[in-house]
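Note that chain A is present in both complexes that follow, paired respectively with chain B and with chain C.
Our next item is the complex of A and B:
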């Protein structure tokens, strides 16, 4: 039951992030909101892992490992987006 | 009792997310994101996924937050992608968000019972690998290809970051801190934290085989310590033109692919670990991966090179 509570919180995070993604006009705030959506999706996935507890483990390790990979990939994408933004906001290159 | 704990952790998550989206100040939203990341890590602990909690605290909250905070400081003007949303768009977005949340929640409540699980299949061959932590075993053995491609994604991000740097900065180093020198308090903090952090990172790396921890968490900690040293002016940032940077970035994936090729010859398939030497091979590959991950993370957070090195 407590795991499902986190899952519902994850679903709410996806909704809140989606709202921010649409409503905020600035790119940095969109990036933040997008990270919230990602956090919510991971949390939903974590609940799926927790429900599948078996073989003496507290959760299914396969979804957990995939979430770890997902967090790192999300970070790489955020870093790339951040560099794009820095370049967009920077001054024009001198010839 | 556990429901109470879940509520006390889930409510700050929602409040934090609402604050991040609703606050007018971008800076406040970024600090809110740090706090949100820590609460999210605690939620992962409550879900009995300590490996994920460590990764979330280190990369999801810490490194992403630092990256965006630095970006906010470096941006000369906010990049706007459109007009501020009018009331109609806000209502439509709110309805869409509510719909998605309700659909996800309904799906969660309708999950099949009993839940399908691969836990038993994961635990069974653990002794042949010499690893006691099932999550680490999934990452390095059963889904090794995912982990290999994850490193490659980090490298692609580094390549993209370099491609976006200015021509003048090519071959230089990232600017450590925009204006002024580091404060004495920061230098003192760096001197105090770095030795202890190094010991803890080594511990995390080693204990990851049998308990929560592992190469990613240890590498992130090392990268954070390096970034701290860069900000305090105690260590240089990796030079994008330096020979060592490129070699350090390449050694992890190359070692992983080489081990995979050995797997074809010795165990019959790519990335299979030959049983008698599985543990030493895994440790060697993880060490090489850790080197690449540390350099890649530092480069990704520090940003593209912006000036020429003092020659």
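Our next item is the complex of A and C:
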């Protein structure tokens, strides 16, 4: 039951994020929308890991390992995009 | 299949070079540190190709002795070593061409360029040898981060805007791909391609997951209509960086799409393949016409990349057989990939040298170039020959094979698009050549001859593929169909 609920929540987050990613014209909002999609996808992975509990395991470690990598990648990407945004919004300077 | 550590070393060697660069940054010039690692990686790729060709079997290594489904394997099959050789030759050409005397770009920029070149190489080798969906994701992320940084290398406002846009497209692509991986894992609890091949069914979940992954990868390959990021990014980067981006970086996501539809879920030709080919055809026609209208040489070449990427997607409905790697559409598509890689690297490097010599790259003001820089212009013309698909060039063989496959499959519209695309390419290449051959006496800055020679060598590689039209058939079929690794031999 809870797995279904979390799955639906993940799907909703992905949907909202994708909508924002496509509709919003500014880069900062697109970046936030990307993070929203990311959160939804990670939640879906959590649900997938949890479903192994039905087979008697505490949880499937493989999706958890993937989520950790995904979070690290999303964090690094957000940092890179934020740096680019900060450089662009700052005063014009010679490189 | 042969157990070999070579695929691991092919991925690791550029990373070791990166570490050496970071350690020696203060004391030794970056190109001197990077050069031995470039040479070593080139040697590794060539020796892997030699081993695969002599033994007719893929090189496999299971990392840490763990077999799939838990472990990760690296597997260099015929297609893998073919693309690794392409990568190695293009990278070496770029490295020679980027080898500048001490003056010029700031030392920090030079350091970043060489570091990113090695990072890109490692990511490409991983993408070409990886065998499971998760490893693909890691390779794609390594690739995107290095590529975005290369675009932003100049630090000008335009370059930063282009890099940011590229990054957002790449991120949207990655997250869609990751969602697809999640759905596949939820359905099958396997991520290894060979394992998936045995159990995958064309049901709703699998097809939805594949659609998500394919669209995500299309954004990274810049297939029309997800191409908007590519022209400013590739035209704004420094020329050696654009050469790597256009020739190699957009090809890795394409190879993964190919592996998804050939290795993971081999379907008889149906709607998905037709849609991909339709988008490819639209890319060829629309982007070629836009390329015709460009005033700047680098932008023209960037739009030409979009059109040539479109050709790659035409191959999907042209592999109808139960064993697609024995169809001529398969060989034609992969030869198109390689010949475009060589030709486009040569073209971007030539455009860079032209920019250095003249101080601009406006197509209409190239007059007099032919007399002042004959070697560069010859390289540009030979590369253009391959893009147009005129004999004797790699592009000719590739397009001929695709055309034959299209006629055999009865797909008349694909045949028409291939022919129209060749004519449009001829228009934009000859437009640039015509201006360059015109009279004129512009002030020309000297460019070292070895750098022009490197560009010419890359263009000749594109030409050389046309002289061995039948060799790749056998090479590209090695290691297919994909077999699960049962035990460590």
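Note that in this section the second predicted complex is superposed on the first by the 89 of 95 C-alpha atoms of A that agree within 3 Å, B and C clash if a C-alpha of one lies under 4 Å from a C-alpha of the other, contacts with A are read in each partner's own complex, and residues count from 1 in each chain.
The criterion applied here is as follows: contacts are C-beta pairs under 8 Å (C-beta built on N, C-alpha and C of every residue); 3 or more make two chains touch, one makes a residue touch a chain.
For clarity, every value in this text was computed on a predicted model and none was experimentally measured.
Participant: What is the contact status of A:73 with respect to chain B (first) and chain C (second): first, second, both, or neither?
Facilitator: A:73: touches chain B and chain C.
Participant: Please indicate which partner A:85 is in contact with in the superposed arrangement: first for chain B, second for chain C, both, or neither.
Facilitator: Both partners, chain B and chain C.
Participant: Of the partners chain B and chain C, which touch A:34 in the superposed model: first, second, both, neither?
Facilitator: In the superposition, A:34 touches chain C alone.
Participant: With both structures superposed, pick whichever of chain B and chain C touches the larger number of chain A residues.
Facilitator: For chain A, the partner with the higher number of touched residues is B.
Participant: Which residues would you name on chain A as touching chain B in one complex and chain C in the other?
Facilitator: Overlap of chain B and chain C footprints on chain A: residues 14, 27, 30-31, 44, 47-48, 51-52, 60, 62, 66, 69, 73-74, 76-77, 80, 84-85, 87-88.
Participant: Name, in rising order, each residue of chain A that touches chain B in their complex.
Facilitator: 1-20, 22-33, 35-36, 39, 42-44, 46-62, 64-69, 71-80, 82-91, 93-94
Participant: Quick check: in the complex, which residue numbers of chain A touch chain C?
Facilitator: 14, 21, 27, 30-31, 34, 37-38, 41, 44-45, 47-48, 51-52, 60, 62-63, 66, 69-70, 73-74, 76-77, 80-81, 84-85, 87-88, 92, 95
Participant: Name, in rising order, each residue of chain B that touches chain A in their complex.
Facilitator: Within the complex, chain B contacts chain A at residues 2-3, 5-7, 9-10, 13-14, 17-18, 20-21, 26, 29-30, 33, 36, 40, 43-44, 46-49, 51-52, 55-56, 59-60, 63-64, 67-68, 71-72, 74-85, 89-90, 93-94, 96-98, 100-102, 104-105, 108-109, 111, 115-120, 122-123, 134-135, 137-139, 142-143, 146-147, 150, 153-154, 156-157, 160-161, 164, 166-168, 216, 300-301, 303-304.
Participant: State the interface residues of chain C toward chain A in the complex, per the touch definition above.
Facilitator: Chain C residues touching chain A: 70, 134, 137-138, 141, 145, 148-149, 152, 154-157, 160-161, 163-165, 167-168, 171-172, 174-175, 178-179, 181-183, 185-186, 189, 191.
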